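Chains: A, B, C and D, in written order; residue numbering restarts at 1 for each.
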């Protein structure tokens, strides 16, 4: 089944006569670059010879900012990295801080965090689907997915008061307990949601044009994927069943049942299928969390000022919607982290774009940018 | 059998007609648009909107200013003898919030030690767009207390 | 009305009336009362229908239900700054939009909106050329020059690629499109648009039924010809920003827009005339009362079905890739059109009463 | 006054003696301690294999941290990847400790898929000495190494494209160094020039003491 890299393009060789190569600046203000990604392309006709990504247009020095603020004040800064998946950023950061300080999170907080993270995963994947489809020319899924995404954001708003930059977790637990009726509304949304997913799949999964545009495009062999350190749905699309939630369970992921969907060929279509399947698994996790939700406090006992021990360092990674998002934090005995480095999944995954683009056409390039699911706020930080 | 079915499905363009059917059905489904100036979206109870301040409750501890990650709360106060009780009280001189840079994280509200909170973010106001930043988005003590709900846009403001 | 026409005819004389006054009046009426409003309201209908398909409302602010939106759009485009890039080739840059719109509008002159004049009245078309279909196919080809010149003269790489794509696409799809039209042509035995409709009346069938394959090919090729989704590669927004009209703004952009929508209407009108019996009411034998509705209304309704399908496609399908588009055109549609042509000719030959 | 927000009920504070059966989250947090990692099988194996390349071996919060000699890092990584199945480079980042000598650290996080084990390698270097690149071992190390160069000025020897990644070529300074001013440096660009006096903007030399002026009065 696995097709060797570049095979689907070989039959185009006769199509384009040998001609002079042209350099094309793709972005940073291009509708399909999902922000301010700039690609220096060398093209031969429509065929891409070379891709050189240029990033940094959205660099805000987040890592320097982390060093300036106490641990709890950094949570809002993490919202602004992957701004379409703020909850998982928060979760990764507070997870790292808890590991550093030895805080133990109460079980109710763990379950609520899991629900928030899975809701965030669904909403991030919905946004990915919307933009991916609109890049490939299907306009309508964009509006359908946003319709459902709004309902998820409504749940976030009800819980923490914000829709996008959530700031919804604290080292040691959560700032609030769930509001009254939240679980019912969440359950209702989760009951409706698989039908909506079927709708998107009806529009795309079997559509021959969609398949033509995605099957066999941007094949990423598993060994190359690991070599590039790619994580998340892109890695699983290449057929490697590895998910931080299963491999190194955090929160209470070892107490719920879910599957890790994988692809076969590692092409764009497989990555699409993996993400669609992941949304269904997220629904499953949320429903289990709602069933098992324990009572109790949502915040651990902790000092008012969180101080890390002198000379302590941890790395904590979680499964974000885009891949493994991890924080490496060094403490030096002050309330601020001495050094706080982020492992941004978008940054690492984007690195493979030149590899994916080899021999692709311009039209494939937008599909490939879509399939890497990057958020420039996270790439540039 | 399934191969034959797939073949005929392909010939008859069934995959394309499935999508067409879905969009056609949506023609008659409920629309989700909110007609903004007439219809207004009601924020949830915990919505982090514009600030409010209750000067009487405030104990001038400046924790909100210290908890603010971007330092946009400016507080000045002085000590004054209260003529009724004869005790020294802190009196606020200045309580300014530079909403231009605010990211509505809500940490100031969380840091406030009074019960109920003397600064909170739940004014359910999201209409903060303005033509002059310094005039409308730099709020002082009086504005913070009076800011019940920002008045809705008038017609000439929309146009 | 007829009295007015009669008095004008008496005043100018028959020759002048039939060769100058009546065509001119028809052109003005057609252009300003039918085509331009139709195009502008087509854009409105597109936005509205797309909106309804996408769980939203579409434009509804200007006028009741947004009905004045097209007028507002035109006003906006008219007053917008019209910029020409410094390094563009100026004459070509200005010429290109005209080249797109002109041919598309000229084609309407041979499209019969309704039946020819019965006795003394005016016919529902400007002219009935006896090579009408050929005229249409020839003129439709000219439009592609506008796109190429527009793309090239903008001095923008994205525009250039859009122009090249459109050139390749339109030339490739002209072939199956033309071949698909030959099938009904054989059945009708005439190139005149009016005669084709009348032949359908005489045969008691619309040619869509015997020529379903040709109809399908014509429509798919027509969607590609007018650069509409799923074949909207020349202006693929996510790939080429806006393709050949990236650098255009204001009224010049509006002309490109006009050309695209006029093309859509042309292709729908030709399909209606050739395959769906033009102004004929459906099933005259079984539903004779439908003949009460005048022919032009039927014509308009049939066009609307096509235009709705165009919009429907846009709301549903992703975009093809360039090479896949070529593959579809040359590997599938062209052989299919040729086969259809051969079968049609064969059947016609076998069924014909005349000795070979 | 509190019509907008109900007062959440707060449980009364308890003053009870420490209960040993209390759940962990109600006890005071207990941070991890450094443990010696010299007898870890991995350390032992690496020492046997490559000789004196491991300078230190400790573990914190379950992660083994190996201090590796700078010139041997590529070797150690290659050995870990090929012989010990650490096929996945999770992360690569730098850190600046101005008081230490040498001041910079490059930290590598590795992962093993077979038993889901994570280890950390660290290399120290100074401004002048480049670190051997590990792009030959993992292609994915390319951009993280460029980022370390961009942010700390640590060079990587043998890197195929040692250019700045997030900042532009010609940016004067390395932002994540501890001595880089937090307020930023004057790069010649200005933010909202209409609102700040010359030299009084948020960028150069104004420090955190900068306060916004009182808002202008109603235009008369």
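The rule we apply is simple: a residue touches a chain if its C-beta (ideal position, glycine included) is under 8 Å from a C-beta of that chain, and two chains touch if they have at least 3 such contacts.
Bear in mind that the values here come from a model prediction, so they are computed numbers and not experimental data.
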Middle chain, criterion being Cα centroid separation: A
Most widely separated chain from subunit A, with each centre as the mean of CA atoms: C
Mean-CA-position distance for subunit D and subunit B (Å): 33
Inter-chain centre distance, subunit A versus subunit D - centres from mean C-alpha coordinates, in Å: 21
Rounded Å distance between subunit B and subunit C, as computed from the means of their C-alpha atoms: 50
Cα-centroid distance, subunit A relative to subunit C, in whole angstrom: 45
Subunit A: positions in contact with at least two other chains: 140, 144, 147, 176, 203-204, 207, 209
For subunit D, residues that touch 2 or more chains besides their own: none
For subunit B, residues that touch 2 or more chains besides their own: 16, 19, 22-23, 26, 32, 45, 122
Subunit B - residues contacting subunit A, complex: 10, 13, 15-16, 18-19, 22-23, 26, 32, 43-48, 67, 69, 103-107, 110, 121-122
Interfacial residue positions of subunit D with respect to subunit A in the complex: 8, 23-32, 34, 60-61, 63, 65, 87-91, 93-96, 107, 109, 113, 116, 118, 120, 138-144, 147, 151, 164-168, 175-176, 180, 182
Parts of subunit A lying in touch with subunit D, wherever the complex brings them together: 55-56, 59, 61, 63-64, 68, 99-106, 172-173, 176, 224, 226-230, 242, 247-248, 297, 300-303, 308-309, 311-315, 317, 324, 326, 328, 330, 338-339, 341, 343, 347-348, 351, 380-381
Subunit C - residues contacting subunit B, complex: 49, 52-57, 312-313, 315-317
For the subunit B and subunit C complex, residues of the former touching the latter: 16, 19-20, 22-24, 26-27, 29-33, 35
